[in-house]
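Some structures to go through are shown next.
The same chain A turns up in both complexes below, where it pairs with chain B and then with chain C.
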Partner chain A sequence: MLRYAIRRILLLIPVILSVMVIIFTILYFTPGDPARIALGQEVTQEAIEAFRASYGLDDPYLVQLGRYLYRAVFHLDLGNSYIMKSAVSSELANRIPTTMKLAFWSVVFSTVVGIPMGIICAIRQYSILDSFVTLLTLLGVSMPTFWMGLLFILAFSVHLGWFPSMGFDTVSEMVLPILTLSGSSLAIIARITRSSMLEVIHSDYIRTARAKGQKESVVIMKHALPNAMIPIMTIISMQFGMLLGGSIVTEAIFSISGVGRLMLEAINTRDYPIIQGGVLFISIAFSLINLTVDILYACIDHRIHMK
Partner chain B sequence: MAIKSNSLWKLAFIRLRRNYLAILGFIVLFILVFVAIFADQISPYGYEQQDYMMIRQGPSAKHLLGTDEFGRDVLSRLIYGSRISLQVGLVAVAISLFAGGAIGAIAGYFGGRIDNILMRIMDIQLAIPTILLAIVISAALGPGLFNLMVAVGITSIPRFARLMRASVLSIKGMEFIEAARAMGASHTRIILIYILPNCMAPLIVQSTLSVANAILFAATLSFLGLGVQPPFPEWGGMLSAARPYLRTNAYLSIFPGLAIMITILALNFLGDGLRDALDPKQKR
Partner chain C sequence: MSDKNTQAPLLDIRDLSIRFNTDSGVVHAVNHLNLSLQKGKALGFVGETGAGKTTTALAILHLIQSPPGEITSGEILFEGQDILRMTEAERRDIRGNKIAMIFQDPMTSLNPIMTVEDQIMEVVSLHTDAKGEELRNRAHEMLQMVGIRPERGKEFPDQFSGGMRQRVGIAIALACRPTLLIADEPTTALDVTIQAQVIDLIKHLQKMVETSLLLITHDLGIVAEICDEVAIMYAGRVVEYSDLRQLYTKPMHPYTQGLFNAVPRLDSEPGGRLAVIQGLTPDPTDLPEGCSFSPRCPYVQDICRQEALGLKEYEPGHFVDCHFPLGMNGGLGA
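Our next item is the complex of A and B:
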């Protein structure tokens, strides 16, 4: 068990390093001179050269890449922002809690609502409630996140005036962004729960449990649900990554100053170190969550780590 | 061979015909393709045609879905926008289908070290959430329709590669492949003539669902200002332009979103129906 966990963690290192190389390379070969964009149009040639020299932008590709990796790995230094001049790591550290809070509560919300929805649909298969929830989940996966956000603002902020349409500090400000970000995940989790539960409910051992006179609630919660959980957990861990990516859109709509908005601003100003740092953070978070779920599986289901 | 594959498709078609949602999806998509092809004939106005006397007017007989901030007809822009969305969806999926299919086929067929290297590269790409990767690539490539297609297309390569590899692995051990090899068929011939036709079912299902995903991504990127730029009427871009008027002219934010949602919904219906029809053993 422990060996499996250690092996998986060690395998993560080359993946993360490769992600860094890929993102660095994509941005390195992006046309356009970041110095000129950072300094503006009305600037002397000397100032541009000084800027390029101070960020080492004149060095060959491999030298720059090596320096970036070396500093990141051995000094946890992701470089400095071209625009704000501050360290990327401290900019990220300021924004990470907001994004994590948004993604975390969205996962919690979509799980806590999505799983019971799926279970109820599976128990009452083909009922009116089932059809209604199925329709809702179909709409949920077919609506773009940003449009859902706009509709929520329109309904709950403009017309009803219940929640503000900006910010993410107070509880009432958090409602709409979390609803928006969890919308499609909630739909996906509910759908997977329904199909996974249906599969289990029709299996022989559930019939046995019912035959021996077990109460229906115990059959569902104790016998069926644990076995239906593996695919559900896979989906939830995948949704976490989707949510971290989707938070970029949600943060843009609700003007939330998280990592996503930081990255969008950086893309507009060609602030490459910030973009690299943001992608790195989200990829590490995503990989760690997937890793945790995989290790949890191995704890629950001993057949998994044998292969 | 020919008889067996024929009956598979025939059976699938019979099953698909019974699925009303899939038929509905197909009809909606058919209409959409029709609208996109004949946009010049159908559309009441041009997508760039401005009328300064009619700025941000709500739906009326003259402008069925109203006009935007430049007095352009929203319905006409949606009609022309269907061209962009369908193009992006199809071309992006074609890119990921060909690249991912080739990678998966090579990895699955040759196995060993090649398999290991190719699939590890796919794993690395999967470590970056897809929408994030699409954002970074389209930021690097710059705005424009073709760049948008490439950015969206690259992001689903691993999905197709894994699917193709799994199919190839399940087929390459079969006896008819051995027979083909014994007859001296080259690797390329075995992959293209003998293996590929047997992988078609999952690839078709995945492609249909991926078109939906590609259209969503394209709209998202355009909404963020990275994809297709104004004045081209991309649906996501139209929503982005409508944002400042959310409080005063809500209809501007509703119709383009509806267009996206109906398209995605139709593709999902058809994709789910195809999956049930082509692979009845697999449950949803």
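Our next item is the complex of A and C:
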């Protein structure tokens, strides 16, 4: 188990290096001059050249790429923001906890609500409840996050006044962003749970469990659910990764200062080091989540060998 | 069914009808089926695929998926009590405890992510007061009984071969020493070489645990080896029922005779064609009127197409659902 984990972690190195090269390359060839945006319209040619020189923006592509990778790998230095002048790592460190908190609670919420919803639909297949939940999940999957967020603000903040529409510090501030962000993942988790459970419920070993005289609830929870868990876990981990990245929209709507909003602003101002840092964070987080889930698979099902 | 037995039968199925409501119509899987089994006896339940054997067996445990399945009439008396009228809790008490079942496909009927000893322990814990180590010991005892080393209890089903898995299935079924063991084609999914071992094991353990056996199969040879009585099933009903010797020496229903003729014989001409029963089993969504075998029966008469007879005792203990049983006065065949 440990050897497998170490190997998987070592495998992350080429993945992350590739991500760094790709994102650097894309940004290098993106139109727009960071110097002009950072310094504003009224600026002398000398100032622009001085800015470009100080950040090494005039160097050839390979030199810039090499320098970026060298600093990141050997000095853990992701560079400084063009706009805020501060270190990218400290900017990220300030924002990551908020984003993680948002993504984490959204995953928890969509899992805790989505899995039972899927189970109930599978047990009561074709019932009115099943059709209703199916309709609801269809809505959840189809509605874009920004639209759902705006509707929630309109309903719960403007009209009902139950929850504030900004911030992410108190519990009541957290309600709407989490609802918004978890909407589609909740729907996806519920649907996957339903179909995965349906497949398992009709299998022979469930009939064997019933033939032993086991209670139906135990049959479902002890025999069916663990067997249905593999696809559900895959989806949850993918959703977690998506939520980390997908929180960009939610953070913007609810004015939450997380990584997402930091990146959004950085994209507008061509603040390349921040964008690179943000993407790096999301890809590392995504990889680590996948690794965790792969290890969990093996805990649930011994047939998944860790080789 | 028989008045000659003073003892009440262990299992007595009366007029059982089961149908499945599917998109392509109502499937009449079991139609007015009558069957009884005495304590300690082994009954062979023979019929083609789709004759309703497994459906009947699942009905005894009340495990028919509903919907689409529906028991429309009849009663299933087990030790004098109607299983169909029990509460779910009473039925759970019987399942795995007094009535246990061995399933057809050992590759899929064990939970793939539970160790085999856990799967045996589960049924024991449900029906006895045993706890902890005692449970484990019982599971190991059962494994030993079916010829698996107890150390292998920690392994998962996929680490066993098909025959070994069926042994685990047998261990689960017999763990609570049931009064009735239902074996649903226990060897169909196994290699021929393993079949004999599993059949011998079931035969041996049936005597040892003193359980009655309802053996579902389409193999007349296996029935001859294990069973005391035979019921032949066709299109959802029992067409002939008697003790083994009587039925094998003197099959009276034309369908039964057809089945025996279809068995290849050692002294038959090499390269010769095997006998077949003409036609196909009727579509269960659209059963023929009268006797359901009438479209295929070589001895069919007008009355056969108009009304079904129902089981009739032509000889003591020999029940046949036929207007003109073979070898009887008025019968046409043989």
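A few notes on this one:
As a working rule, the second predicted complex is superposed on the first by the 305 of 307 C-alpha atoms of A that agree within 3 Å, B and C clash if a C-alpha of one lies under 4 Å from a C-alpha of the other, contacts with A are read in each partner's own complex, and residues count from 1 in each chain.
By our rule, a residue touches a chain if its C-beta (ideal position, glycine included) is under 8 Å from a C-beta of that chain, and two chains touch if they have at least 3 such contacts.
Worth saying up front: this structure is predicted, and the values here are computed from it rather than measured.
On the superposed chain A, the two partners chain B and chain C both fit, without a clash. Considering which of chain B and chain C touches more of chain A, the answer is B. Contacts of A:Asp204 after superposition on the shared chain: chain C is touched, whereas chain B is not. Once both structures are fitted onto chain A, a short way to say it is that chain B and chain C open up an angle of 80° at chain A, using Cα centres and rounding to the nearest 10. When both complexes are overlaid on chain A, the residue A:Gln214 reaches chain C alone and has no touch with chain B. In the superposition on chain A, contact of A:Ile282 is made with chain B only, not with chain C. Using the contact criterion defined above for the overlaid structures, shared-chain residue A:Asn227 touches chain C, although it does not reach chain B. Applying the stated contact rule after C-alpha superposition, one finds that A:Ile300 touches chain C and leaves chain B untouched. Shared-chain residue A:Ile16: touches chain B; no touch with chain C.
Once the two complexes are laid over each other on the shared chain, residue contacts for A:Leu139 go to chain B alone; chain C is not touched.
Of the two partner chains placed around the shared chain by superposition, chain B is the only one that A:Val249 touches, whereas chain C remains out of contact. Of all C-alpha pairs spanning chain B and chain C in the superposed arrangement, the closest lie 12 Å apart.
Taken together, the two structures place no residue of chain A in contact with chain B in one case and with chain C in the other. Residue ranges on chain C touching chain A, taken from their complex, read 58, 61, 63, 65, 92-97, 100-101, 103, 105, 108-114, 122-123, 126-127, 156, 158, 169, 172. Across the interface of their complex, chain B is touched by residues 15-16, 18-19, 22-23, 26-27, 29-31, 138-139, 141-147, 150-151, 153-154, 158, 191, 195, 198-199, 241-242, 244-246, 248-249, 252, 263-264, 267-268, 275, 279, 282-283, 286-287 of chain A. Put simply, chain B touches chain A in their complex at residues 123-125, 127-132, 135-137, 139-142, 212, 216, 219-220, 223-226, 236, 239, 243, 246-247, 250, 253-254, 257, 260-261, 264-265, 268, 283-284. If you check the complex, the residues on chain A that touch chain C are 202-205, 207-215, 223, 226-227, 300-303.
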